[in-house]
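Okay, so chain A shows up in both of these, paired with chain B first and chain C after.
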Partner chain A sequence: MEKREVLFRIKRFNPKKDEKPYYREYRLTVPKGMTVLEALQQIKDTQDPTLAFRAFCRSAICGSCAVKVNGFPKLACKTQVFNELDKFGTDTLTLEPLDNMEVIRDLIVDWDRPLKRMEEMKPYLVPDPEVVPRTLDEESRVYPNELKKFDSFTDCILCTSCFSSCTATQLDENYGGPFQLARVYRFAVDPRDALKAERSKIGYAFDMWNCVRCNRCADVCPKHVSPVDGIMKLRGLSIEVGLKDNPGARHVMAFYKSLLESGMLNEVLLPLRTKGIKGVLENLPVGIKMILKGKAHSPVMKPIAEHETLIKVMKAAMEVE
Partner chain B sequence: MLQFDILIVGAGGAGLYAALETSRRKGLSVAVLSKVYPTRSHTGAAQGGINAALGNVAPDSPEKHAYDTVKGSDFLADQDAVELMCEMAPKIIREMEHMGLPFSRLRDGRIAQRPFGGASFPRTCYAADKTGHVMLQTLYEQCLKNGVRFLNEWFLLSIVHNGERVSGVVAMDLRSGEIHGIRAKAVILATGGHARVYWNRTSNALGNTGDGTAAVLRAGLPLKDMEFVQFHPTGLRRTGILVTEGARGEGGYLINSKGERFMKRYAPEKMELAPRDMVSRAIETEILEGRGFKDDEGNEFVYLDLRHLGRKKILERLPQIRELAIDFEGVDPIEEPIPVRPTAHYSMGGIDADKLGRTPIKGLYAAGECACISVHGANRLGGNSLLDIVVFGKLSGEDAVNYVSETGFAPFDESEIKREEERIDSLFSSDGKEKLADLRSELSDVMSYGAGIFREEKRMKEALEKVREIKERAKHLKVYDGERTFNTNLQQTLEFLNLVDIAETIVLPAIERKESRGAHYRTDYPKRDDENFLKHSIVERGEDGELRLSWKPVVITKYQPEERKY
Partner chain C sequence: MGRYAFYPGCAAKGASKELYESTVAVAEKLGIELVELPQFSCCGAGVLEEVKEAVDLAVNARNLAYAEKEGLDIVTVCSTCLLVLRKTKYLLDNDEDLKREVNEILSEAGLEYRGTVDVKHFHWVLLEEFGEEGLREKVVRPLSNLKVYPYYGCHTVRPQSVLGFEPSENPQSLEKIIRALGAEPVSGERRLECCGFHAFWPAPKMSMKLTGLNLLDAKKSGASCITTPCPLCHMNLDANQSRALKEVRESFKMPVLHVPQLVGLALGIEPKKLGLHRNIVPVNC
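Showing the complex of A and B:
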């Protein structure tokens, strides 16, 4: 069977003892099929019992063992060493703790902050008495197409991979976080829930408009959940429940209006429609440069060819949603 | 000292349901202590579903469910407890449904049900193949709603009692490494199973090390039916990771190297949906008789073939199984059959408890896989474990609430804390002549050899000797990591010591049970012997450290023992 000599560079840190984090290197003969978690355990068993990492189910359902492998969050238990080596064209794997959380020791991070945040966002069903029967003699009816709207979001295993790679989380203390906001959406579209679209107000309060749609949360999710999709839809719900008078909603509405008018994005009017005069002033230096370089278009735009068809497509899309 | 009216140890389905039940009573102080964050618990790994006679797909009744369960148990289950569980099943399913659990649905919006092993009707409610996961998440959400207090990443060390009443526990906060006494009027153990005894081939999480069960044994209290360990028929070839019975429930075939659906020789009527003990023996027999497959690493296996189910059904009903097969075996079940072999899975035996979870010590309860009520007897049916944990989690929570409202705190003997501190200190200063990984692997090999799927006297006696030898050698295990913060070297050592304690309690009654019943199959006594062994085994550890074996009658209400045919 194929075996390879692999160098593992593992980031170590015990805040109780070490001044700063450092890397330690371990060499291991790895057979084909061995996972990163098995490699970690083998290093612990044969070379260094002090290495600290979390692991539990080792079948990709408990979310304990997420670590960064060559910079990307992965569940150690389902990540094969050879696959990563081949992907990066290397014989070295660097293992580090997840970002955006404090390190407790080595690869173990503090989950309390992201979980506390979720806890503040009502992550539970509030039963709608119109839908959920009052007695235990009956079940609520949930049709398969209704389940489909939120089913994928129930795959979340709280591994915090998305949280660790979220750019909005890095910059905004008040930001709800990807898996947390996705769970808000999950309940907002559950027909059994009493709060329904009103839940988008929770998303609003937790700065959901600060998501920059970098898509990293979806890219790194080991369960193929796309938190960013949930966040986008939650934004839509917030507009439906009347949270329109804010830069985020106005920005979306400005896009929508532009498309209705001409089928093109009207970048000249966009700052005005999103942030009013303040937006115009803020964008003035860039705007002037654009005009000077001949990059700016007229505020009045001619509709594109087949604009009618585009409008039909947009309407159909709205109906589907 | 930390102090609670009720302390729940373990945050899987049983622990969380107990917590929910207690949180409904205002003014009680309750905490859930768990060595992992709640949603990591092994309930989340349950895939296929939970049984309840809803009758949504075919007419069904709690009586039929009870009969199937008793028959599946090879008549060792206590029938009053089984009847209670099956009677409560439809309501508790609806209760969780009302909490938001995302069950898969029929076209008319009602909860869908699928066929499962040993069941006369499609009775298993499910959420694709992630039923345990969504159940755990839903219960956790409801606990957050009710403001349940969690002590996350705390490790149970011992149970403190005065021979009559429970006083609390001693536990270690893994993050700080500090050892604490925790006083409680009632303690509910919901610490899960112990199939990690079979370390090298099991579906269990790394932490299913029977911590509560071992603590109960060390506290001098009885364990029941420990010889019964279920081997799930379909673990992945290399890792033993679970492939749900739902895969066969949806119509999957088991195929040997002759291309035959070999179950026709073992259970002509039920075929692949015979109970797990029978299917596991059938697979092992095929392999023993040379009709299995062998890969170049030497792994032997048979195939679980899902290809005829078609892409759509596999993606819709078994998406997680597909991912696991791709990630861990490099096989896409849509294109190729999955290589499988039995894997140590479920502990039918456990802490001796009655149908409200009560142990012989007042205020000490056990619920879920760590407990033996017993509703599974000698062999558990698929879909009955998720049901067991929620029903008996709920009932023990309820009973504990009533109990603590009429009672005060029992005195807490603080020397127990010192004793645990000393036990742990000695691990740091031992001579280190033995290595944890080696002993763990040896124990696993010994148990598979002596107390695996096929058993016989000579091998079991050898295994008992060997387990006792490993127990002696384990005194030389050393913890090399000298830090207090998150010392996983210490934790893994303590977990292994629990496994060693438990291993002995499996082999001893297995030797004495001179019959074959359910998962306990003896080649030297291949028949069930109701005359001599229709009874529960009880193992206790005496003051001298020796195990004592006794027996207890089975509760029979209306289902008289009969031959088990499928």
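Showing the complex of A and C:
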């Protein structure tokens, strides 16, 4: 079997005795197919019993072994060493604890912050008495087309990979977080739920409009959940329930209006439409520079060719269930 | 050389006119035929999904349907347009029921989506058509001694399931292009970080801070300029540069070039045809 000599650089930190984190290097002969978790266990068994990491099911189901491998969060039990070496063209793997959380020790992080945040956001079904029967004698049916709306979001295993790599979470203390907001959406479209679209107000209170749509959450999720998609749909629900007078919602409607008017985005009117006079004033210095460089189009835009097909399509799409 | 349906996107048709100019100039020089379809509409930049998913899908299936009528793959120069169009294609090609529903909507306008065309970014096409070596052979004015920061941003690489041109964790397309032009790519720690553009309206401070951090990383890495395949990243990095640097308490000038502007310089195209005079931060690299 193919084997490779691999250098593991592992970030170590014991807050009880270390002043600051440091890297320790371990060499290991790795056979093809060995996972990062198996490598960690072997290092612990044969080289350094003080190395701390979390692991439980070894089947990519419990979500406990997520660590950063060469900078990206991965389930250690699901990630093969060779694949990562090949991706980066290297013989070195750097293993670090996940970001955006406190380190308890070495590769183990404290999940309290992301999980408490989720708890604050009503992450459970509030039964709708008109839909959910009072006794267990009757079933509460969910049809396939209803399930399709939230099915993928129920695959989340709370590994916190998305939370650790979330851009908005890094910079906004109040931001709800990707898996947490996706969970709000998951219940908001569950036909058995009593709160339904009203749940989007929870998302609003937790800064869902600050999601930068970097798509990191969708990219790192080991269960192929795409939290960003849930967040965007939750924003849509918030507009439906009447949270319309904010820059996020107004920006959305500015696009919609532009498409109906001409088919192309009216960039010149965007600041006014999104943030009113304040938007114009805030962006005036940049706006003037752009006008001087010949980068502004006329505020009155000529419609695209066959614009009527766009209008028909948009109207028909608005009418479907 | 290939013939493509050119989808410039709203930015290149408006505030990033220089991207349109440089793309057309480079394509012409290299013999790539770009056919701009006048029926193409704005992709909605993903925010249409927030009006209603069906609207987002129908608008972009319409765009794809027009390219299908011409039998041409779409080439775009905007990363967000790329993601939105590819995502529509990905969703419709993998879900027959959804495709049928969207086609019912399109039939109102006498259109149909079949799934016969691909959607590519212009810089992917450069590598597909010429490869690193082939592109190097076209260079008449090598950008020797120029250190370039390859700023990918988000929507040409993530999510990999939808984009798929290269590994999202270690893409190399920009590095290959920079090397082919005779310049040196610096290793940027934040080359895959977000610029915050899509949260600019609700959270301008956060957006500007992200851009500021990216600019700062470029400065620290010794780059003389940044290149990016996305006009939206470009708007934050270039037009909003002084505001972004204020957020990180810095002040310097870092030229930011659209990828076709950088390529065009190495191909010997005159700067005016590349719209370099339109960049807000003067390009003197």
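By definition in this document, the second predicted complex is superposed on the first by the 314 of 321 C-alpha atoms of A that agree within 3 Å, B and C clash if a C-alpha of one lies under 4 Å from a C-alpha of the other, contacts with A are read in each partner's own complex, and residues count from 1 in each chain.
Methods note: contacts are C-beta pairs under 8 Å (C-beta built on N, C-alpha and C of every residue); 3 or more make two chains touch, one makes a residue touch a chain.
These numbers were taken from a predicted model, which means no experiment stands behind them.
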| item | value |
| --- | --- |
| Three-chain arrangement built on chain A, chain B and chain C clash or fit | fit |
| Which of chain B and chain C A:Glu306 touches, first, second, both or neither | second |
| Partner chain(s) touched by A:Ile202 [first = chain B, second = chain C, both, neither] | neither |
| Angle at the Cα centre of chain A, taken between the Cα centres of chain B and chain C once the superposition is applied, in steps of 10 degrees | 140 |
| Touching partner for A:Leu98 - first (chain B), second (chain C), both, neither | neither |
| First (chain B), second (chain C), both or neither touched by A:Arg192 | first |
| Partner chain in contact with A:Asp45 - chain B first, chain C second, else both or neither | first |
| Contacts of A:Asn210 with chain B and chain C, given as first, second, both or neither | second |
| Touching partner for A:Glu119 - first (chain B), second (chain C), both, neither | first |
| Minimum C-alpha spacing, chains overlaid - chain B and chain C, in Å | 11 |
| Overlap of the chain B and chain C footprints on chain A, listed as residue numbers | none |
| Interfacial residue positions of chain A with respect to chain C in the complex | 70-72, 87-88, 167-168, 171-172, 207, 209-216, 218-219, 224, 226, 229, 232-233, 235-236, 239, 246-248, 250-253, 255-256, 258-259, 263-265, 267-268, 274-275, 279, 282, 286, 289-290, 293-297, 304-310, 312-318, 320 |
| In the complex with chain B, residue positions of chain A that touch it | 1, 14-17, 33, 44-46, 49-50, 52-53, 55-64, 78, 80, 104-105, 108, 111, 115, 119, 123-125, 127, 132-133, 136-144, 147, 150-151, 154-158, 187, 190, 192-193 |
| Interface residues, chain C side, partner chain A - complex | 10-11, 13-18, 38-42, 44-55, 57-59, 62, 83, 101, 104-106, 108-111, 154-155, 158-161, 167-170, 193-194, 196-199, 201-204, 206-207, 209-210, 239-240, 243, 277-280 |
| In the complex with chain A, residue positions of chain B that touch it | 36-37, 39-42, 44-45, 54, 90-91, 93-95, 97-100, 102-105, 107-111, 127, 130, 133-134, 137-138, 141-142, 144-145, 175, 203, 205-207, 238-239, 241-242, 296-297, 320, 323-324, 327-328, 330, 435-437, 479-481, 483-489 |
